[in-house]
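Below you'll find the structures, each written out as structure tokens.
After this come two complexes, each holding subunit A, first together with subunit B and then together with subunit C.
After this line comes the complex of A and B, so read on.
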């Protein structure tokens, strides 16, 4: 037994095993961190509603411009003023859009805050100011006012 | 009696246990890696699907014969697609040209007399668990529908917002 206690050569084997084990654990931890980071970044890219927000503002701008052209036509055969017709059309657009977005769990609020007329020719609309807000439970977006130039 | 080997054996066993435990920990923890690649594919597919709808809607006349709004405006609302055939063939052709190697279905959602209505217009199959949905709004007017030959019921001084829902998945 005295020889067994004095013989320390085998400790190198244990030390090597320990070193390799620590190295592998370190590599595993690093791998996991990279994997978890990738998971969360992918998840964030899927969750963030950038396309919905972009579509909402783009479509609102296009509709405001089309609604203005339509309002000029309707004004020819109606007692209602151009701003009133524009507001009515955009309120209808807002109502339909809100319901469509609500069908997939998103809240949308679009309101006309001001219809700005041309100073030199008061029958022409210069710009429409709209308040747009979007909320999906995680991301809140607001553009107040969204100024839309319609006198192109 | 020479008993040196006993200590070597014990030390060797200790090292083996350490290495084995480490490998077990690594093997089990790599489970996290699996959903990562799936999600990357989903992110990529969702972006492609959204871009496809955007391109179809904003591309100039010289690049594409019928844009998304014109395709939707040409829809006959009294019909609906089945597995045997779609209702918007022009839209289907344009989508298949862009979304190669990708399966997709297209639905239209809109308000009809105060009720939310969803119509299937292109059906290519049953979406898988990893499918993604891209959406785009189009606004229709009486003049747009008349020019495109559709049957949407829109009054002269009115508009209709239609949501195009593109469900895409990899085969």
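After this line comes the complex of A and C, so read on.
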């Protein structure tokens, strides 16, 4: 057997090894570039919390509607006025929603700013004005006031 | 006369070597001269085109999302991140013509490359303006119903 230095057989193995090494490096470089491009192109649009904010306002609107109906019923057997009961119910809703959103790392603040009564029939609530604000570190949303018609 | 395939006159190893060397050197010089165009310019222009339209689409998507949830009385503030350079060039996101042309332009500051993205007509109901330069990474979009 020829010694290590003089043994010149195995040219094809050497050549194929070199080819594979170069193509691996090329593929690695291409993949790196693809990963960077993918990160930058889509992050911000995906991060925008459209659904969270939409859910928040929709849920607040629904809750205000049902709180009003519930307040009319509770008013029959209580000394408290309808606006007071609505405010109490919505404060409860606000507290629970804040806790739910806080578990996703989002700050939510919902307050009743005004309960507006019907001018001709002052026992009926026309609309509820609510201050909604949302913040997740990137996006701040506030609707002050969100005017919710509850006179069905 | 010697048969053609056995006639080895006029064949010189040295001459062949020089001729082949010359051909290879010429080939190498041509490749070297166009290497910049093939390996750098064309890929970077493709990358720029793609990334510019990516950023334009990102802006258009975010603006449309904001438009969809915009409150009647209130405001929205959101931040977004963009790369400082694309293919080694600084650029600007320009929404100044958005209200009239319904487009956002991404303009490179060193070459004259421009990519325009449409914003699906929302600018006619919600005025959009502003310019963002890529020299800082974080930018904000604000909406205020009172302004």
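What we mean here is this: the second predicted complex is superposed on the first by the 112 of 152 C-alpha atoms of A that agree within 3 Å, B and C clash if a C-alpha of one lies under 4 Å from a C-alpha of the other, contacts with A are read in each partner's own complex, and residues count from 1 in each chain.
In this section, contacts are C-beta pairs under 8 Å (C-beta built on N, C-alpha and C of every residue); 3 or more make two chains touch, one makes a residue touch a chain.
Here the structure is a predicted model, which means the values were calculated and not measured.
In the superposition on chain A, A:76 contacts neither subunit B nor subunit C. Applying the stated contact rule after C-alpha superposition, one finds that A:53 touches subunit C and leaves subunit B untouched. In the overlay built on the shared chain, the residue A:96 is in contact with subunit B alone; subunit C does not reach it.
By the touch criterion defined above, A:120 reaches neither subunit B nor subunit C. In the superposition on chain A, A:85 contacts subunit B only, with no contact to subunit C.
When the shared chain is aligned, subunit B comes close enough to touch A:16, but subunit C does not. Touched residues of subunit A, counted separately for subunit B and subunit C, are more numerous for B.
Subunit A uses residues 42-43, 45 to touch subunit B in one structure and subunit C in the other.
Taken together, the subunit B residues at the contact with subunit A in this complex read 2-4, 6-8, 10-12, 14-16, 18-19, 21-23, 25-26, 29-30, 32-33, 35-36, 39-40, 42-43, 46, 50, 109-111, 116, 134-139, 141, 156-161, 163. Across the complex, subunit A meets subunit C through its residues 37, 40-45, 47-48, 50, 53-54, 57, 132, 138-147.
Those residues of subunit A that touch subunit B in the complex are listed here as 1, 3-4, 7, 9-11, 13-14, 16-18, 20-21, 24-25, 27-28, 31-32, 35-36, 38-39, 42-43, 45-46, 51-52, 55-56, 59, 62-63, 66-67, 70, 74, 78, 85, 89, 92-93, 96-97, 99-100, 103-104.
Interface residues of subunit C, counted against subunit A in their complex, comprise 47, 50-51, 54-55, 57-58, 61-62, 65-66, 68-69, 71-83.
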